[in-house]
Amino acid sequence: MKKEKLRVIPPAERANPDLESGKYLLMWQGPQHPGITGNMSLKLIVEGDSVVDCETHVGYLHRGFEKLMERRLWMQNFPLVCRIAVPEPDFNEYCYAAALEELAGIQIPDKAVWLRTLSLEMIRLASFLMWIGGQAGAFGHGTIIQWSVTMRDYVLDLFEELSGGRIYHMYIIPGGVRGDVPAGFFKHVLEIMDTVQKNLDDIELVMFHNVVFKMRAEGLGYIPADWVDHYGITGPNARAAGVARDLRKDLGYLAYPRLDFKTIVGQKSDAYERARLRLLEMYQCIDLIRQIVDQCPKDGPFREKLPNPLYWKIPAGETYVAAECTRGEYGFYVASDGSDKPRRVAVRGPSYTHAVAVMERLARGVNIADVAGLMVSLHTYPPEIER
Amino acid sequence: MDIKDFIAPFAVWKRAFEKPFTVKKPIDERPGAPRYRGFHINDAERCVGCGTCEAICMNKAIDLVPVEGREAKEGDSGLRPRVDYGRCCWCALCVDICPSGSLNMSNEYLWIDSDPDVFRYTPGVDKKPWDGAELGYRRAEGYRLLDEQRVPMAELGHREAVKSFLELVQGYSRAQAEKEADRCVSCGLCIASCPAHMDIPGYIKAVREGDLDTGLRLLYETNPFPEACGRICTHLCEGACSIGTGGDPVAIRWLKRYIADQVELSAYAKALPRAEPSVGKKVAVVGAGPGGLSAAYYLALLGYEVKVYEKDGEAGGMLRYGIPEYRLPYPALDKDIGYIESLGVTIKRGVAIGKDLSLSDLRRDYHAVYLSTGLPVAYGLEVPGDKHPRVLDGVAVLAAATRGEELGLGKRVAVIGGGNVAMDAARTALRHGAAVDILYRRREEDMPADADEIREAKAEGARLIEKSIPVEVKDAAGALAGKAALFVWNEAEMVQKEEGKRPVPEAIPGALREELYDSIIAAIGQGPDLSYVTEEDGVPMKRFKPLVDARGMASPGASPKGGAIFAGGDLVNDRKDAISAIADGHRAALSIDRHLSGKGA
Amino acid sequence: MDATSFAEALDFAIGREKAAVDFYRELAALASFAVQRSTLKEFMTMEEGHVAMLSAMKARGGLELSSAIAVDLGLAKALAADEKPAAGMSFQDILVAAVKKEERSGELYVSLAAASLNPEAKAVFERLVAEESRHKRYFEELYEAHIARDN
Amino acid sequence: MNELATRLAARYGARGWHDQRADLATIVLDADRLRDALAYLRDQEGYRHLSFATAIDNIERGVFTLVYTLRSHDKGHSLIVHADIDRQKPVVDSIHLLWAQAWTYQREMKEWYGIDFPGSPRVDEEFVLEGWEGPPMMRRDFDSLAYSDATYAERPGRATSDPARHMKEQLYPEAAE
Amino acid sequence: MSDKKLKPAPLANEGLSPDERGLFCDAAPREYEPAKGVIEDFYNWARAESLWILGFGTGCGAIELRPLMTSRFDMYRYGIQARPTPRQSCVFVIGGYASVKTLKRIVRSYEQMMGPKFVVALGSCTINGGMYWDSYNTIKRIDQYIPVDVYITGCMPRPEALLAGFQELKKIIKAGKGEGQNIYARDFAWYKANQKQIIKNWDMPDYNW
């Protein structure tokens, strides 16, 4: 079986099927559906068991963050932003904090830089661990999630120890971080990394050398490299298509320039390749975390003193701060009018394009049973689309 | 696809005998981490009910509620935060910002109920299983959202200070003032403690926002002596400041001074309210101290024609004659008084009531009279020998210094007393090159003087001799007779004689000490001079002072022929500080207006 | 002086209180302005109250005085009131005179109690010692609160 | 980067180039030349990646300010392009043909601000809201709290006191206001 | 709550096309009629020990269900499992905030669930709006729209708290006090009125079963 033959590039134009003809069936996948990530829905038009057309419907999780943030003080938004993306809140915290610091002209202490990097890498690992369970599950493979979610839980235990929160850490606060690492924390980190790595080895064997997974994932959802710019695809989805873009390298924020890592690039750009690339990035995370533990300064302040948060005004200006999250470019656009509240905060989540424009296009021609697997292979997360 | 893809998955069978991941009894076995952000706990004793937690809470999860058995008192609103767990997001910003550090979080996270209305409680007041939890979120060492340190005030060094009467405190620059104002959380706990109930959060906000005209207007709403109070106020407000519960209180006094210093006198009129049109009534004020002039200011604003009678050559009362120049320079005081005069208030300087004019004259010529004559009479030591020519009285020494007279205190000076007059006298003597001992009957912590004053007097070189009961003043022997005196005191120990009362100094038998001084300045207390009030004025008196009602009126049964008499300030109240006198003056002005206009009688 | 009976002892005490009334009356005659007179009158009225109280006790034939001796704040000993208050007397002058007077009364009753053979009279004098200590304490507290605020 | 500013100024009347960071600049354009300028930036200047597009309601000036953030990965530089459009007549050219995901942003702006992009796919459909009857909710004159209070029931029984007022009532009620 | 005793509004599946209308039941929900004595006790025990959750992640709360479902917390050993369809589920977990758009699906899913059915609400948001108290798109009190049996506070409540919530629910069910379904039937008109007040495009049947 030649794999290349499986790569079907769906048509650019939307189909306009005649639903009255009886040839097609309109079906909804979601919001309450086991084959959907998060609370969103796909409106599928199917012919037999293959999808003719797909429309994404979002908004089930719309809370109006961007409006609410305009009502709150700069510091009051800090607990709010992490809720935008539940599996990886820290990217929100970082982008928001960094944007504020840039606008207010605040330099954060070196220790905070390292601890921020640590928490971003830890949550990257945790988020990938949750994703990989979902990816396997979407192809009917229930074992992986039993392992990987537990591994994720171990990472969350670390977060709990560090920040006092399991899901919402609220650790990266404008000005630095909220506390130094507790005694013995780095030791725990290294222990957990060993456990996770061992488990990843198992997952590698069981999932990536599983004939069922291979057959279902290979060739599914092929993204040509020239779509990357056209669709604004970022992160592993772009890297799996052979486009070497990693904001950690490109922007060189936080402590990344001081860490030793290479951008992992794929080639085949199908669901299997993307999954494999993410697995490699998980190994990379573990490696980075070990480097951070090794290099993080032991002493020094962890937060810059800021003005009274009740009246903190940020000089008028605007900025866009992006970071490489698990799924790609995560960014906060923050505009200040010089008052004590933001004028506008806009959140750029990678799922915005991956789950809508890209998904709609890729779903065409796919077997219904593979829609869930395809969606998970794009690693989307609805709340960052609708905020 | 190769054979490995079929076989590899079986490899993990090797894990079958490893320890499973499963937690046996999750609910029992997994307490929250030591830093876990669980339910709130609050030390209700340390909490002062400032509501800063409520202000920072973006979820509006916190209400401040009255608590049974907890009354409002100075520096404590008596309210306590109540948390709605239908709102809380466990971000702990409330913990991070809490000025007193009383609010924390336990590591408890289990709370399940069928009734959605139960998820509210007042931590530290309503009993909860997690009260007193050892573990849970506390703000990290070295991490606070509020700045616990006051912006340092530039002051003359102590060595420099004693060489001259230059003002010690330099005042804040704009950047410093705005930074200091930024420390305030606008809780308003201070307002109740200020005798004048000034809108302190309001004018601090004005400083923060650089709107000094508004700041000045807010100051003058309750206090027409911002320059003076900005320097010498007893700042009870700072004692009540919620920020002071976990650090330095906000420098409220210096911020007040900053506002007044920054606005030129010529620009005052633009910022401040104009006087009402004349109501055609006249009021006399006796005594041009802070209280009398305050009454005059507010009366003038209300449209009264006000004349102030002052026995001394200059207006200002104790602010001028009692407080040395290095604490309150005369130009600053002149600015306050100058603005009051600019509203049309006439100050008759050098006119003593009781001598040049009688009180009944005033009652005849004015619709109302306000007595604000303060406490000009210094009390004596009342020990044998206290009439020795080298025993001086503190008030007189300070007044002479103000007048620029030669003091001739000599090289060795004793100051008897622990109040602000004693400190001022001691520091004045230091500036005249004397070596100064301050003798006080009790301990340093019992001294009624401001802590700052005591600290500075000591820093400038005064020696503090605590627990010393005056026994006798003896004339010096030989050539020094009449020119120096021996001060004899008895060393004392503090004895707690009665439960709940302050300890009493008791002389240690035989522990007599004596020391030769060129001058002995008695500053043990002062009393009023009421020789100008006669029985005909109808002023009821008790314990050597006029009795006033809640309105400040001292002549409830005043005959219809004469104007009513009101009294206030040190003469009447027990606080005996400038800000209380100012508050009395303001209150009396309003009462006089109500009395004369017939409003709200 | 040797008081022999309850009634006589009380009579003696009433006499002392009456003398106190006269003391304040004499001072008031010296006074030159209103507040002095009103203060002295205040104290005088208090002493008249004592007279009335003791007289009533005598009539009822029972002693209704507490035996609790008030704590001595130690001011009386320290104060030197050699001179009698004069026309320009201040509150301090008046209070010093009052404290001294109460102290003298107390001392007198102490010696009377010691000298009394009649247990009844002795008891009366002892109670009067306590009573006078409380009067003195009253003036001492006034002195602390109004005069020696700063020392 | 100033050469780019000059070229954009000459070709599209761009102005107000501001370097926010070494790798981020902002610039202002006229709305009617926006699409051409974006196409130029994409095709000629290497700004091939559209990070996001959004709008700001500058109600004080009576305009919506559009925000397009482009990135040139070759130059390692991002450019935020602004264009004001009349708040009363919020219509602007669609760029859905330039970037394949742009229509989603435009759909969002249509729903959230009421800015129309004629020709953009599904632009008139509801995006995140359903059955919304209020005005576009990201407009500054829409008050979220007032709407929420009027629409969604709150659990009763809450009351708070202001410390200063409470202390006045308890400690010195006699003082005049 | 006295205002719950509204007169039942005339409800019908009007507005739906005739053939669609035929797909739904056209009768108001009824209260559950318990069996006699021990038999009902037995039923309740059985119900309590097999809680089947509807797999519908309505808010952030869904994220802590995964650890619960998987090996570390392993809820299967407590007789709890997730089901893909409302028709097979008896427990609805409201995972925090509910936007209006989701509420519509919540109502629909809830009504389609088999009785006796129970609702567990997670987090501050379900109790009084939580951090989205001033949002234009989220409700503040879920109990205005569907009856709730157990509330679990937290943001997010941990898996252990969820588990404790389910244990509490079990106790309630065993005691025969899981009244949610009956309350919904009794105050049906009130719930419908509340739902319709905020779900502006009511294009679904009034009777969703």
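In order of appearance the chains are A, B, C, D and E, and numbering begins at 1 in each one.
Convention: a residue touches a chain if its C-beta (ideal position, glycine included) is under 8 Å from a C-beta of that chain, and two chains touch if they have at least 3 such contacts.
These numbers were taken from a predicted model, which means no experiment stands behind them.
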Hypothetically without chain B, remaining chains sort into A, D, E | C
Listing by label each chain that touches chain B and chain D gives A, E
When D-E and B-E are ranked by contacting C-beta pairs, first place goes to B-E
By Cα centroid distance, the chain farthest from chain D is C
Per-chain C-alpha mean nearest global C-alpha mean belongs to chain B
Looking at Cα centroids only, farthest away from chain E lies chain C
Whole-angstrom distance, CA centroid of chain A to CA centroid of chain C, is 90
Chain-centre distance (mean CA atoms) for chain A and chain D, in whole Å, is 23
Rounded to the nearest Å, the gap between Cα centres of chain A and chain E is 31
When centres are defined as mean Cα positions, the distance from chain A to chain B in whole Å is 56
In chain E, the residues touching two or more other chains are 71-72, 101, 127-129, 131, 133-138, 140-141, 155, 158
Chain B touches at least 2 other chains through residues 21, 32, 58, 84, 86, 89-90, 116
Flagged in chain A as touching 2+ other chains are 59, 62, 64, 67-68, 71, 79-80, 83, 147, 150, 168
Pairs of chains in contact here are A-B, A-D, A-E, B-C, B-D, B-E, D-E
The chain A residues in contact with chain E across the complex are 31-34, 38-39, 59-64, 67-68, 71, 79-80, 83, 86-87, 130, 133, 145-147, 149-150, 152-153, 166-168, 383
In the complex, the residues of chain A that touch chain B are 1, 72-73, 75-80, 83, 147, 150, 157, 160-165, 168, 170, 178-180, 182, 202, 205-206, 209-211, 214-215, 301-303, 305-311
Within their complex, chain A touches chain D through residues 55, 58-59, 62, 64, 66-68, 70-71, 102, 227, 229-232, 234, 245, 250-251, 317-320, 322, 329, 331, 333, 335, 343-344, 346, 348, 352-353, 356-358, 361, 386
Counting only contacts in the complex, chain D reaches chain A at residues 20-21, 23-24, 26, 48-52, 54, 56-57, 67, 69, 73, 76, 78, 80, 99-101, 103-105, 122, 126-130, 137-138, 140, 142, 144-145
So, in the complex, the side of chain D touching chain B is made of residues 155, 157-168, 170-172, 174-176
